[in-house]
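Letters are used for the chains, namely A, B and C, taken in the order the chains are written, and counting of residues starts over at 1 for each.
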């Protein structure tokens, strides 16, 4: 403050308490926090290079992930391979979206704590911590969505994915997408809770967690090849139902990852494959369960972090 | 001697005169010094056992089941298991080597490294050794458990060559990591994104889950440039001797020579890159300045 | 240079210049610095932020190349003989957050002991000695990430002494420390230097009283130039011939500078916070440091104040401080540079009555760790 004298009335005006600030405006404040964090996240993700390189970066990763599987199928060949190709391309494209979404939230914690050392300031601001993290993770989610869309386009153009917009089951897609998004964000929040506790070198944790889930969700092979326990784990994971729902919506009639001969689903339900309503109901139930678990884990992690002073530490090795 | 006076030297000029033995000892100790926090970190934050060993094992398992779904010949499962084990080293190289100097700068350590008498290469070696402890554990666990669980049968005729190829692969990989560490620091913020870009695309062209020879020209290019590709292919040929599916690439002996060449090139390049980095840092005055 | 003969200067720079090529226009951080520090000296560089102090330290510690001119540390050239310099020097900066949070205090120091060439066991012994010396015995097995600011700075000081340097560069070493911690650091530095003849300390600070208390000689730096060098007493004598008054008036709309053109007035600037400025601000009055050619000029000032509608609340004559020297040399106080940025508290550990020091934030000096990046 300059040394210029401030009159009494001006001073009282300047520091007058706005009761609205104290009470807060929950919806408006939350939206503002979210939008600001999302804008910041996007700038951090996107403004490091020119648009062309950014595009290559956003697309090379998911396309390469799909190509690994395509080549695996090609080297074996045979009719099983041909049938599986569209299945793995769609699954792999969607999975890149899952990985981005999960990593976005977790990396925000590591970024803001270890790199920018801003986590403590974010934490003590009136904005809800979870909302800010969610906003920060949105950019990566958007990049993941872009990568998934382009991988699908590559699949349709070059790898024989039979996507026909006229045949797409839009209602199923419209229901499955937001429910899946909630599940992905919830899983991301769980990973963010983990990263709040771990050391700086936890960057690879989200990918590791996503990689492990990859085994049980039927992204690139049907669940029936797994042992019954792993199949059961898959059926309890919302991502399994989300992938199934989106896959059936985009390519109606494609092979089911959940059902089929010898599958746990067929054994339990008596139907060969789940229908749209079953998929939606299971997705809704498992997403709700995961969201509940994620909220609890996040809260516990937050409390532990405060208890142990982890919010503003750096922990490199 | 006391806390204020530890080593009494005749004067500053004499104290600055170090013989070769002392320089070597300083650098060797610096390697150990820098490896120490990495190893201590492993013991203190045991969450890595879950995230760095168990979960990657499950990822590898996913690819095993892809081959099972395709009813592939058994050696393909072996390829995936070997690829899964070796991916641990690549992950370590890009996440804990390539991006590390960038981190050191942000934490304010880089200035102190530059101002200390040891060679910066020793710091990089220290990081590599510390990282190797973790990635070797992960690689070994993935290899052993997956082998037992999925019934992989190895057929090794040349154990010595297999061992040599493994060691050379690590040397070349970490040599590349050292080069990338300097380059990433010079490229600034792009480093962060490049780290991620070097994951799946490199897995793909290195043939992490399939014989790299099936990629044709792309595979040949990878064998000529990427230690992961050439090392993995040589190890597959040696670990699954007689398997026809690995044909189409150079013999393991030739690939071992490629790895030797890569190791030399990368270490020389790393030294050159570090010197360039130091020169730039001192000239521009920004490479050691923390960025937040 | 041959080894025989007398020890060369601890620091010697000639025409040292450093220009940062940054956008939108290049910044000259050092504009031809000539300085010579003798072995065994406690030498201070005093100046506001952006003066070029840290740039000079960075060049001397081999972290930065000069744009032109030369610099030598104990006769070793900073451009071509970096290894030799690194073997005999160390540095400690204030506000440093370096190291690995996952290590304990002892482990962190041991790691650095290895970088500085100590043997494994010798390193642990040395670490234990220093941990005790700096008063971190209780925190010896505590993780670095859990240390307080003061404890972290003690850790940095201990790191700086690990290799028994012949020259220690201290860059604002008491920045952010409380009274006790800052005093402990200063006492330790003094004792360390006195323990071996020839040990040299080069300190940068903008805490004037710190420089006054510690340094045998001081260079006053501003905008990349050395304006004066001498002992604190010599520097103060430069303004001794003039009369210095602390003046407090109830109001002065035109500001302190309104008095500068008056006959016999050498300079008139707002008093520093640590002097009478803070109390004046608390009382809603205006405090001014007035340098007059002689006491006789005071009458004119008093008359002018009356014409300006100001009433004198307090007036006292004072002994010159290093800030007065700075004001006379530069024509402005430390705080003028960043008017409106807010002021810093007085030097940590200073006696309450200590005259003179003032602190403020200034536009950034390229290369300072706490600054914005030059580029990323």
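Here, a contact is a pair of C-beta atoms (placed from the backbone, for glycine too) under 8 Å apart; a residue touches a chain by one contact, two chains touch by 3 or more.
For clarity, every value in this text was computed on a predicted model and none was experimentally measured.
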item: Chain at maximum distance from subunit C, centres defined as averaged CA atoms; value: A
item: Chain ID, smallest distance between chain and overall C-alpha centroids; value: B
item: Distance from the mean Cα position of subunit B to that of subunit A, given in whole angstrom; value: 29
item: CA centroid of subunit B to CA centroid of subunit C, Å; value: 44
item: Euclidean distance of C-alpha centroids - subunit A vs subunit C, Å; value: 50
item: Set of subunit A residues in contact with two or more other chains; value: 199-200, 314-317
item: Contacts with 2+ other chains: residues of subunit C; value: 97, 100, 102-103
item: Multi-chain contact sites of subunit B, meaning residues that touch two or more partners; value: 37, 40-41, 44-45, 107, 189, 292
item: Residues of subunit C touching subunit B in the complex; value: 3, 7-8, 10, 18, 20-21, 39, 55, 58, 61-65, 74-76, 83-91, 96-100, 102-103, 107, 110-120, 123, 126, 129-130, 132-133, 159, 161, 164, 166-167, 191-192, 195-196, 198, 366-367, 369, 371, 373-376
item: Contacting residues of subunit A [partner subunit B, same complex]; value: 48-49, 57, 60-62, 64-65, 67-69, 71-76, 78, 80-81, 84, 88, 115-117, 194, 197-205, 207-209, 211-212, 214-215, 219-222, 225-226, 314-317
item: Complex contacts: residues of subunit B adjacent to subunit C; value: 2-9, 11-18, 22, 25-26, 29-30, 32-34, 36-37, 40-41, 44-45, 107-109, 111-118, 123, 188-189, 281-286, 288-292
item: Of subunit B, residues touching subunit A in the complex; value: 37-38, 40-41, 44-45, 47-48, 51-52, 54-56, 58-59, 61-63, 65-72, 76, 91, 95-96, 103, 106-107, 130, 189-190, 192-193, 196-197, 199-201, 203-204, 207-211, 214-215, 245, 292
